[in-house]
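Every chain is named by a letter (A, B, C, D and E) in the order it is written, and numbering of its residues begins at 1.
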Amino acid sequence: MKKYLAYALLLTLLLVAPLLFYPVLLMKVLCFALFASAFNLILGYGGLLSFGHAAFFGGAAYVTGHAIKVWGLPTELGILTGTAAAMVLGLLVGVLAIRRQGIYFAMITLALAQMVYFVFIRSGFTGGENGLQGIPRGTFLGLVDLSNDRAMYYFVLGVCLLGFGVIARAVHSPFGQVLRAIRDNEPRATSLGYNIDRYKLLAFVISATIAGLAGATKSVVFQLASLTDAHWHMSGEVVLMTLLGGLGTIFGPAVGASLIVTLQNTLSSGPLGAWVTVIMGLIFIICVLAFRKGIVGELQAALRKSFN
Amino acid sequence: MSAAEKYSAGIEIGGEHSSEKIEDLRITDLHAFYGESHALHGIDMTVYQGELVTLLGRNGAGRTTTLRAVMGLIESRSGSIMLKGKEVIKASAHEIARLGVGYCPEERGIFASLSVEENLLLPPHVAPGGMSVEELYEIFPNLAERRTSPGMRLSGGEQQMLAMARILRTGATLLLLDEITEGLAPVIVDKLGDVLTMLKERGFTIVLVEQNFQFAAPLADRHFIMDHGHIVDCVLQSELKEKQAVFDEYLSV
Amino acid sequence: MFSDLLGIAPQVLFGQLLLGLINGSFYAVLSLGLAVIFGLLNIVNFAHGALYMLGAFAAWLLGKYLHIDYWGALILAPLIVGFIGVVLDRFLLRRLAGVDHLYGLLLTFGLAMLIEGLFVKMFGASGQPFAAPKALNGGVNLGFMFLPYYRAWVVVASLVVCAVTWYVFERTKIGAYLRAGTENPKLLQAFGVNVPLLTTLAYGYGVALAAFAGVLAAPITQVNPLMGSNLIIVVFAVVVIGGMGSIMGAIVTGLSMGVVEGLTKVFWPEASSTIIFIVMAIVLVLRPAGLFGRTN
Amino acid sequence: EISDGVVKIGVLTDMSGTYSDVAGPGTVTAAEMAIEDFGGTVAGAPIEVVSADHQNKADVAANKAREWGDTQQVDAFAELVTTSVAMAVFEVAKQQNKIALVSGAASSPLTNDACIPSGLHWTYNTRALAVGTGSAIVKEGGDSWYFLTADYAFGESLQRDVTAVVEAGGGKVLGASKHPFPASDFSSFVLQAQASGAKIIGLANAGGDTINAIKAANEFGIVSAGQKIAGLLVFLSDVHALGLETAQGLLMTASFYWDLNDETRAWSQRFYERTGKMPTGVQAGVYSSVTHYLKAIEATGTDDTDTVVAKMREMPVDDFFAQNGVLRSDGRMVHDMYLAEVKSPEESTGPWDYLKIVRVIPGEEAYGPLSESTCPTK
Amino acid sequence: MNASGDFILQTQKLTKGFLGFIAVDSVDLNVERHTIHALIGPNGAGKTTVFNLLTKFLTPSSGTILLDGEDITAARPTQIARRGVIRSFQISAVFPHLTVRENVRVALQRQLGTSFHFWRAESSLNVLNERAEELLDLVGLLRFANDEVADMSYGRKRALEIATTLAMEPKLMLLDEPTQGMGREDVDRITELIRRVAKGRTILMVEHNLGVVSTLCDRVTVLQRGAILTEGAYAEVSSDPRVKEAYMGKSAA
């Protein structure tokens, strides 16, 4: 009962938020929260550190931008196309990367993502260094004009809630159960007859797809897809968001994403602008050294303690 | 005064007077922790030079933990550990080893990527007078046969032999042995018994953690009985019969 | 001739091959440093690129403020950066003992951000010019190309450093300690080996190698706060191709990937920035443990 | 009347990257000077500057501009070095109906295919550079070219415009290598250029890239082997970084030089006192564009974009930067350009005395007639 | 003995060589249905290797493996598992961060065929709870069903592992040294457990604890240097002088 009340409160907050804050910033937060949650699915629940998730985020952004701007697809279809592209890319990268575990997995995903990045620089449809600019926001189902920031916000909120829903469900599903078992003890899972590579691959593909959904949505919000979205710095940022918020917690990544995005935004217009990277680096180090459970993780631990 | 305290104070050891004996290892009020969980609750024990003592107890009683704590492998420990007259409670593992201590871990710890011979040669000499590789191969012919195999290819029992052989080369004279008969064929267990007897004759000091009481019983001078992180009793070789009740209670032998 | 047959001017072919070899020298020295560090700390040192940059900056700063020339810097900069590595290991990396290795990657990633951010803040993102030493100015005309002496020196110096490192790590007991330490540092220490010291020195040495490469690179690429950040990913790919298993693997793969890249610039220029990643993908399919890696 | 009671100018520039010497913090100073010289208020409202580093990234720039427009009441975006940035900000300016005063970005499409009604291109463009440096070199006999081109809109634009000039002059282009932006090691590109056998190696890049390319060419003995390097966009700051020893004899097209006349010397001296460097054309251009913008507001008494832009077009641009400059309906500010040659160390009489003007290129010639512009809204 | 009996598993000339070294040498193993069959032998005799061959963790150099008379020599490990041949590991194999019930449920879950369904609620697995609890009851763990496994004792983890293995409805269970590292109490408990679960199943086990072998096993095969030395009931085998010499040593008495 209490839980539902909390959810209702959260939803209300999300609904009134654009009246209180700058909607574009809120949309950015939402997109990154979704991105980080998708990433958390593979690291927090699958135990695999992907250092190449920007490829899916950025890749979907490009494809969506291209689909809407050049092919003239309606916004929803454009986003779907971009998401599907991320899914395919996730499958390709995943098939290669799941051959190795741990640190190797991280390095391989990083390297493959970098390769994708170079392909993006080279291929004409991305606009190379210029990026893909002036993507029209279009309308929702041909009815609601999305060039209005508020309208766009509710659209993004809808998309993101959908994405969160898929992730939350996947975590608590028969599939999620096997995934956790695999993370705990791979050889044992194999001996129980599970083809662990397929489960990891599916988790990876779901994660990539939703990361793609986030990137696609972001490209529509900002009407722009650029190399920044696909750069490995972006992959690092999403790791940071997830780590800061709390690995393997449902809400952690979203919390981490909100903090980082807000932080970047506040800093970049103040005198500390040039220090953004330094500060993020510091947060990273502090998280790893002293704060490995992340904000939500530590809170949960503290709560559990006070109940016992 | 508990039995443990009494024995650790070295008051009576089989009738001999304590002052004639050199203390190789003296543990007082040793506490050890794994993170938040308290594994050893104030251990007191003393082992004299040339003695073979066992640590007996149920699974999880804290025997391995005691050895690891002596070896400096448990970060959070308190109390006092005197090794050959030196306080080592704050020392790190390599400093402790350099005092002439050899450790054979429970999980064997064979280096998978090194060959049998490399594994044998790996531990540095910590004191003069270790056995030669040839001597060791004589004791453990299985190892001689597989000398170029990488550690990870060895059978369970071969790994156990290698783990034991490895520390005999280094010149260590105080041996901490954790479940060395584990997974060995009965013939080899017999052989190990002979080896321990031989080591004792040569003046080694040995702390033996064992499940296999039949194996340990005839070899040991004293048995420390552990339960829940305490030493609950100390039984002399000569008292084995009288103290049967203790074994029944804590070991269900 | 061979090259004429393919319709490529020998000038282009050999020129790019040589440049590839030079790049390969950097890959080799950097992946070697990564291999050494990985060997003992089980950490993928993401800060390697930043420390490479630090090496170049140390040389530049030494020249600018202390008027120490290139040769002095070539010795001093690796020492200084190696010392920084020792400090980093003592105060930061050491605290990660016993937690998942991934955290080592993340910590060094944060370190890289921090260091690079600081240097961008202090020196801007554009490069600082750094002159090659006078003695190595000019070059020799090899007929098919003009080889600047400095570039030749880079190859020679890298090869020497690689060879020495290989000898120390594979032909002395340190090598066995290194491998044993990778598997079970605690136990190795219980045998009387001062593992903490060994780890710290290994990190310091690996980092010093990066700094050495940085000084070598300074006259070629200029001294730029971001000079290491993209390079490091290529080096990661090199490491995956070679497999983390061996010192020799790091050296051979590094050099050959440089050459492969050079050849690609001749025959398929569009792919030259991705070729190493493509090779990596192929190797992963055929030999997941890498060319020199041990399968377990 | 003035919206929100304040006129706010947002300077978006590269504060620490490849173009930070060409544009960067100096352009913020220039904008501030313009405001001070204007008296700090316009049409009764205070004038403010905000600035941000866009790191040469289009997305960073677009986001910043959008946020400025939405939440900070910024009325005009200024400087906008790097073409991709300018284009991204154009999108935002078009949507929000704000003014974009481009100084640093050089690509000619900004007033052609990519133009917007309120996008004003002030300092120079790649066509002017081609007409200046390009044709001068062709005339000297440089009739076969190989380009090293920065792989983004500006590089393409410059290569395209110079190619047109070369071909019109009877020369031919043998090939081009695109290099990443920014790049540090040019050796492999230089070797390709060398192998092409072209007489002229044209550097269709700028700032740090140009400097690095010139150095690599020297290292590999390109010039001593008989090929020539043509820097197609060289700034005073680049000459300063290269040193006269290396740079002497380079031909370059400048939109501005501090040592042209008393007025330029006076302004540049003031700029020098504040920054320790003599201004580049981009920096001077920012001053000029901001001043002209303020004048138009003063004249119309409003900061309404359409009204102000109309007024800016109506008034001639007349200051130390440009005499009788004309702001065309495609957004191009047409003014005279200068073909200059870098002095030898002997010729130079003191610090920052680097250039001698070879020829004044009339604005019409440099920028071509309006009829050639492909801007749809011209 | 019943040579023409009903064999669930047979090997014919099963051989495995490693670089010129023959670890398993033409082994003809016949395991009768519904029996407990022990594989014993000195260390390095090839027992674990035989297990690895049977479960295809290793590929035989030559020879055939028949399951229910069918040739499975070429099958992959997962296929073998799905045909009901399940192996337990020497180190305890559990999912430490799942609850006891979930551990068993993961094994049962595969039958539902929904394991890839990431859109289905977890509660859809509750239909398996009853069966899971039955199995837990069988091994005496029912009261711990909701506990996280990480904090359980070694012996209980082994019991849980067996419950999980049973969930796979194995026809044939391969146990490699199931009592290794256990205290006396746990050994007795596991022995009892094995006896209980063996009903209606076949078990092939490797064990060095001769006490366990003698009380539990219907038939014993002795392996030496990769080849079968002898085979028969425990009493028969243990009185064979060759077995005494090669394996049992003094304890054969």
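Basically, contacts are C-beta pairs under 8 Å (C-beta built on N, C-alpha and C of every residue); 3 or more make two chains touch, one makes a residue touch a chain.
In this text, all values refer to a predicted model and were calculated from it rather than measured experimentally.
Undergrad: Which chains, taken as a pair, are joined by the highest number of C-beta contacts?
TA: Top of the contact-pair ranking: A-C.
Undergrad: Which chain's C-alpha centroid is most distant from that of chain A?
TA: So the farthest one, by centre of C-alpha atoms, is B.
Undergrad: Between chain B and chain E, what's the gap in Å when you average each chain's C-alpha atoms?
TA: The computed centroid separation for chain B versus chain E comes out at 32 Å.
Undergrad: Could you please state the distance in Å, as a whole number, between where the Cα atoms of chain D are centred and where those of chain E are centred?
TA: Comparing mean C-alpha positions, chain E is 78 Å from chain D.
Undergrad: What whole-Å value do you get for the distance between chain A and chain E if each is reduced to the mean of its CA atoms?
TA: 44
Undergrad: So which bits of chain D are touching at least two other chains?
TA: In chain D, the residues touching two or more other chains are 16, 180.
Undergrad: Two or more other chains in contact with one residue: find those residues in chain C.
TA: 120-121, 273 - these are the residues of chain C that touch more than one other chain.
Undergrad: Can you name every pair of chains that touch?
TA: Here the touching chain pairs work out to A-C, A-D, A-E, B-C, B-E, C-D.
Undergrad: Considering the complex alone, what residue numbers of chain A touch chain C?
TA: 49, 51, 96, 99-100, 102-104, 106-108, 110-112, 114-115, 118-119, 121-122, 232, 236, 239-240, 243, 274-285, 287-289, 292
Undergrad: Under the definition above, what is the set of chain E residues touching chain A in their complex?
TA: 77-78, 81-82, 86-87, 89, 93-98, 102, 105-107, 109-110, 112, 114-122, 124-125, 164, 168
Undergrad: Which residues, counting only chain D, touch chain A once they are in their complex?
TA: 15-16, 50, 52-53, 57-60, 62-64, 66-67, 70-71, 83-84, 87-88, 91, 95, 151-153, 180-181
Undergrad: For the complex, give me every residue of chain C touching chain B.
TA: Result: residues 176-177, 179-180, 182-184, 186-196, 294, 296 of chain C touch chain B.
Undergrad: Show me the residue ranges of chain B that touch chain E in the complex, using the header's touch definition.
TA: 58-60, 106, 142, 146, 153-158, 160-161, 179, 182-191, 211, 213, 251-253
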